[in-house]
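Labels run A, B, C and D following the written order; every chain starts at residue 1.
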Amino acid sequence: MIRAGIIGGTGYTGAELVRLLSFHPEAELTYITSRQYAGQIFSDIYPALRTIADIEIEEFDLKKAQNRCDVVFTALPHKIPMEIIPGLIENKIKVVDLSADFRFRSIKSYEDYYCEHKAAEYLEKSVYGLCEVNSHLIRNASLVGNPGCYPTCSLLGIIPFIKHKKVNCDDIIIDAKSGVSGAGRGLSEGTHFCSVDEGFKAYKVMAHRHRPEIEEKIEEIADQKAGVCFTPHLIPAVRGMLATIYMRTSTDTSESELRNILCDYYKNSRFVRVLGEGEFPNIKNVSGTNFCDIGIKYDNGSKRLIIVSVIDNLVKGASGQAIQNMNLMFGLDEAKGLMVPPQAV
Amino acid sequence: MIRAGIIGGTGYTGAELVRLLSFHPEAELTYITSRQYAGQIFSDIYPALRTIADIEIEEFDLKKAQNRCDVVFTALPHKIPMEIIPGLIENKIKVVDLSADFRFRSIKSYEDYYCEHKAAEYLEKSVYGLCEVNSHLIRNASLVGNPGCYPTCSLLGIIPFIKHKKVNCDDIIIDAKSGVSGAGRGLSEGTHFCSVDEGFKAYKVMAHRHRPEIEEKIEEIADQKAGVCFTPHLIPAVRGMLATIYMRTSTDTSESELRNILCDYYKNSRFVRVLGEGEFPNIKNVSGTNFCDIGIKYDNGSKRLIIVSVIDNLVKGASGQAIQNMNLMFGLDEAKGLMVPPQAV
Amino acid sequence: MIRAGIIGGTGYTGAELVRLLSFHPEAELTYITSRQYAGQIFSDIYPALRTIADIEIEEFDLKKAQNRCDVVFTALPHKIPMEIIPGLIENKIKVVDLSADFRFRSIKSYEDYYCEHKAAEYLEKSVYGLCEVNSHLIRNASLVGNPGCYPTCSLLGIIPFIKHKKVNCDDIIIDAKSGVSGAGRGLSEGTHFCSVDEGFKAYKVMAHRHRPEIEEKIEEIADQKAGVCFTPHLIPAVRGMLATIYMRTSTDTSESELRNILCDYYKNSRFVRVLGEGEFPNIKNVSGTNFCDIGIKYDNGSKRLIIVSVIDNLVKGASGQAIQNMNLMFGLDEAKGLMVPPQAV
Amino acid sequence: MIRAGIIGGTGYTGAELVRLLSFHPEAELTYITSRQYAGQIFSDIYPALRTIADIEIEEFDLKKAQNRCDVVFTALPHKIPMEIIPGLIENKIKVVDLSADFRFRSIKSYEDYYCEHKAAEYLEKSVYGLCEVNSHLIRNASLVGNPGCYPTCSLLGIIPFIKHKKVNCDDIIIDAKSGVSGAGRGLSEGTHFCSVDEGFKAYKVMAHRHRPEIEEKIEEIADQKAGVCFTPHLIPAVRGMLATIYMRTSTDTSESELRNILCDYYKNSRFVRVLGEGEFPNIKNVSGTNFCDIGIKYDNGSKRLIIVSVIDNLVKGASGQAIQNMNLMFGLDEAKGLMVPPQAV
């Protein structure tokens, strides 16, 4: 059994890790920490998990982590992980970091959009944990930067076409929509039920920090400058994320050729489901699961390719992918513990 | 492996059976029928189950059922099962019927509230599949009448106190609330999103057919006439059911004594979770699961006992309990295939 | 024009007062205060009211109130109004208080459930502002204690039968359900969208402070002890409140006789709509309005009367009724400024 | 008083017309028809309007319309209005048609996307009723083609920039999102509460009939070919529509210059509210009202202009604008009867 710990386990992504690890056949949750809730029982905070995760929350202590964990998930706000993770790595604990701290290759990008980086030497050792794209690197990684939710949803739709050099990289529009859980468990006027329900809005237009993350990953693959226009919106739903992506193909092509590229790229993937002609995905169909459903439409006249991609922001967009990363890092089937029954209704 | 079939598999309870059977470690779905959708692929109707249940829907045929099924779930509107089930039973197929056709002991009650019964001789052979109460009978049954959702939610809260003769049976008020999936997949003005969302209403006040079902089961245990006042309401949510039950105790007692009765009754149950003092359940915490969470409050002055019980109407209130019944009928652990990870968020 | 001020104008009931006063043909909003938001523009906090209420929020100052207001609405947490209101009254400003501070006749009840009362001498001068019941008193009042939302919704259903001595007062069950706006604008884990959406729960079972308010008002009319069992629940909707009330009639009667009592009692009311046989109200149908819709069901056998009553908790349950009180206090038609077009969809 | 009739009054746009006309100070509802509901009382179908619109629904009869109406709103599926409207016009009844039948200038466009046009000679007489753009034409019109909801929401954001020749017309992306009421009152699997709630999806990608309507109107103003890529999505909310529009400016400019263009264009408009820097609109803030709120963001580097525009699809996107058109046609203030109090919560 893999002994897994969660540092910062009481946020939504922490809770989702607990949920999934509790049913993982080859991992067990041995350590869970939170500054705010230390001493309390996890299922008192998340009563859905009564009898399933009646586990005591503790303070973080490197020694304890060392004694009890083969792998640690850090589910903390950015800036804190960079202070903790070097110590974990040095103690041979594998780490999947769910913050932005180890997602970027470029220190400059990170520092432009987040803050000063105090463990920059780990940036080149860390692997960007987009499993369907980087599985070969993840298998050998000891530190994985788990991708952001918007980047996961967007890149899974975009990358196959970038790899095939079918599309222009300098004119990509991502109109993205996320459920409210993406904003986290923290309280704010913007997450009050009465602010969200029956509402829909754009936010951080051209100012969201997931944009440079997406651009960097496209540029690495395309080996040229990318231009992404990114507009996030808030859906009045708990879970789910949908990205509508507008690109232009660089040559004449057809919808079926484009769909073939996608199907081919994901032919061995358990989690990416490519939809047929005229079919478009619904966030409801991936809720609670690690699936990413993708549908496309091509307009010959304008050479415009429209990709619609959906994930559950807390699963494939965070904790599910984190466990998928753990599976790969420990040589397991990447789907282990992640095939939870999707709710059809 | 138990070979399981579903007759009438395209309604919501059918879909929920498919979801759960697809992940059941000791059962496999070998046959699924629907008049309306025969010839189609199940996951085209419920795209959440793409790659998981890409199974062809067929017409019902007794021969096929006989060849392919050890157990059949009938997820059909009442009146149809009574025509099909005798044939199945005669062919040694075990049956869990999700309609009302085989729930009643009293033909008169059934016929008063539903319609003429054409297989009344099976009523006394059938077992009422409220698993936590009747497991000993279910283990030997070949035909189980799977309880209604409101009766399941209500009776699990009421029965322990009836068994202990702690409460009056002639003055029970059940104020119940159900999510919209309880109304089924059929289209009606009342299930249109714009009718339901931001709404809340009572319906079928004192006129719902689950009331006589509840009364019969109480009377069987109490061996005296029961009087239940039952008011269902519609919650603007997909899944979940909450019953607020008002009873009076027949003698002086205390909340802790009452809670002990409940804890004791369910001490070996995997699915009933009795909450502590001052805690009350939320439908959200059992969504997608086979759990029933129960909280109580006792008012000494008025001798009023208030029980709040919640289930997921599609799982413990229908398909989950149906599979729990199957597990019992085939000698398996009753929880087999039913411990799906609850969503904490 | 009546010059109206709002003390504590930035909570939900304050915002609702602003909305309604902005369109009132015989009142104008001349003063709005908030400690937290002083100096800001009201519509920056509630952008729905851009161009309609671009009014500056100020600090509370008795002098200013005196110079600018004929009437003041205090929309503050209980305890604060009792400190402010005496000064207003002495300065000949009429007051409608939306807190609990001046709702009770009995100091003891208030102090048992809230806190020490520092302006108890005003309790007997204040009038309980349940407009359909106390209009004759309200017309001459200078201080009105605006009823709580649950009491308004419940008492409008109960009082006509109490007045006709048709029902027992000592065995009343009120199973009430409220939308989330009833919890106010303050942030808490319990109002986070992800906690509420797809959820439904009971809270403060037998422990809500609106219960003694309801009991006192019934006792005043019945001139005997009342016994109310009160269970509030939270609906995943922004607005609306529904009370399902269970009473027993003291003599044999019929549903049509009971309905006649209701129709007769409200025959001159603009805001109470009594529904016909077999019809039950939906909170959706009164959303945004000052209406109270009531439906009833009578069960001859058990002599049980079930009353279902709905209001919009922010309008008839708070700010709408407050303005109705103002209208009565100033000799206007009680419906003035309150006939806003209900949304049929 | 203007005597107004509604042909096809029982759909959502019909109900919204009834709601607004019931409170219009200079119009009265004198005639309402529906084939399906003739003989019934309107408020029995829409109980929110009890006591407000207890009016009998009738069969359509030209004679009656002639005797009772100065203006008629046709709220019918396309194809039917073209058969009825010529008769009305010949009888000197002014008409606002809420279908697509008289929106297009080009017969070809209409016939390509809808069906054969049998009253094509009226196309050039009809005026496109986008009030803020065409008020001068509407004032003299006897037949107005009321714009589609998506075109209204999009064009109000786009047209000021087209008029100033600031943007390219051939590369416009409109990523639009609509509440469920846009799908109408008809029953379908796609409007079932359980299909919509907690869901979000794209539909009719590049295949929605509002696209050619938008293109035609842009082309008329720009006097050149327009290229619009249009993707509609479904929001799990009853009302509201948001369009995120991506255009490129043809010359260097700045966000403040662009905002000035917008403010200037709408400086006399009562219903369009242009938001300040960094502010973006929420559908919640225009719900139930005739407002259109618009926010913009400009990215100098890519010369990309992002416009976010919101309306209530049933009000400004249908019935509210229809009444605004009536107001203009009869020489009234365009806002008459339309300044309903917006719900701030």
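We adopt the following convention: contacts are C-beta pairs under 8 Å (C-beta built on N, C-alpha and C of every residue); 3 or more make two chains touch, one makes a residue touch a chain.
Here the structure is a predicted model, which is why all the values come from computation and not from measurement.
Undergrad: State which chains count as neighbours of subunit B and simultaneously of subunit C.
TA: A, D
Undergrad: So which of A-D, B-D or A-B is the twin of B-C, meaning more than half of its contact pairs are the same residue numbers?
TA: A-D
Undergrad: Can you grab the rotation angle between subunit A and subunit D? Superpose on CA, round to the nearest 5°.
TA: To bring subunit A onto subunit D, one rotates by 180 degrees.
Undergrad: Quick one: point me to the chain whose Cα centre is farthest from that of subunit B.
TA: For subunit B, the chain whose C-alpha mean is farthest off is D.
Undergrad: Compute the distance, rounded to whole Å, between the mean C-alpha positions of subunit A and subunit D.
TA: 39
Undergrad: Hey, how far is the Cα centre of subunit A from the one of subunit C, in Å?
TA: About 46 Å, centre to centre.
Undergrad: Distance from the CA centroid of subunit C to that of subunit D, rounded to the nearest Å?
TA: Centre separation, subunit C to subunit D: 37 Å.
Undergrad: Two or more other chains in contact with one residue: find those residues in subunit C.
TA: 12, 181, 194-195, 197-198, 236-239, 281-282, 284, 287, 345
Undergrad: State the interface residues of subunit A toward subunit B in the complex, per the touch definition above.
TA: Against subunit B, subunit A makes touches at 12, 15-16, 18-20, 22-23, 46-52, 181, 197-198, 238-239, 273, 279, 281-282, 284-289, 293, 314, 339-345.
Undergrad: So in the complex, the part of subunit C that touches subunit A is made up of which residues?
TA: Counting only subunit C, the residues touching subunit A are 12, 180-181, 185, 187-189, 191-198, 236-238.
Undergrad: Mind pulling up the subunit A residues that touch subunit D in the complex?
TA: My answer: residues 173, 175, 177, 179, 194-195, 197-203, 205-206, 227, 229, 231, 233, 235-240, 242, 244, 246, 280-284, 287, 295, 297, 299, 302, 304, 306, 308, 310, 345.
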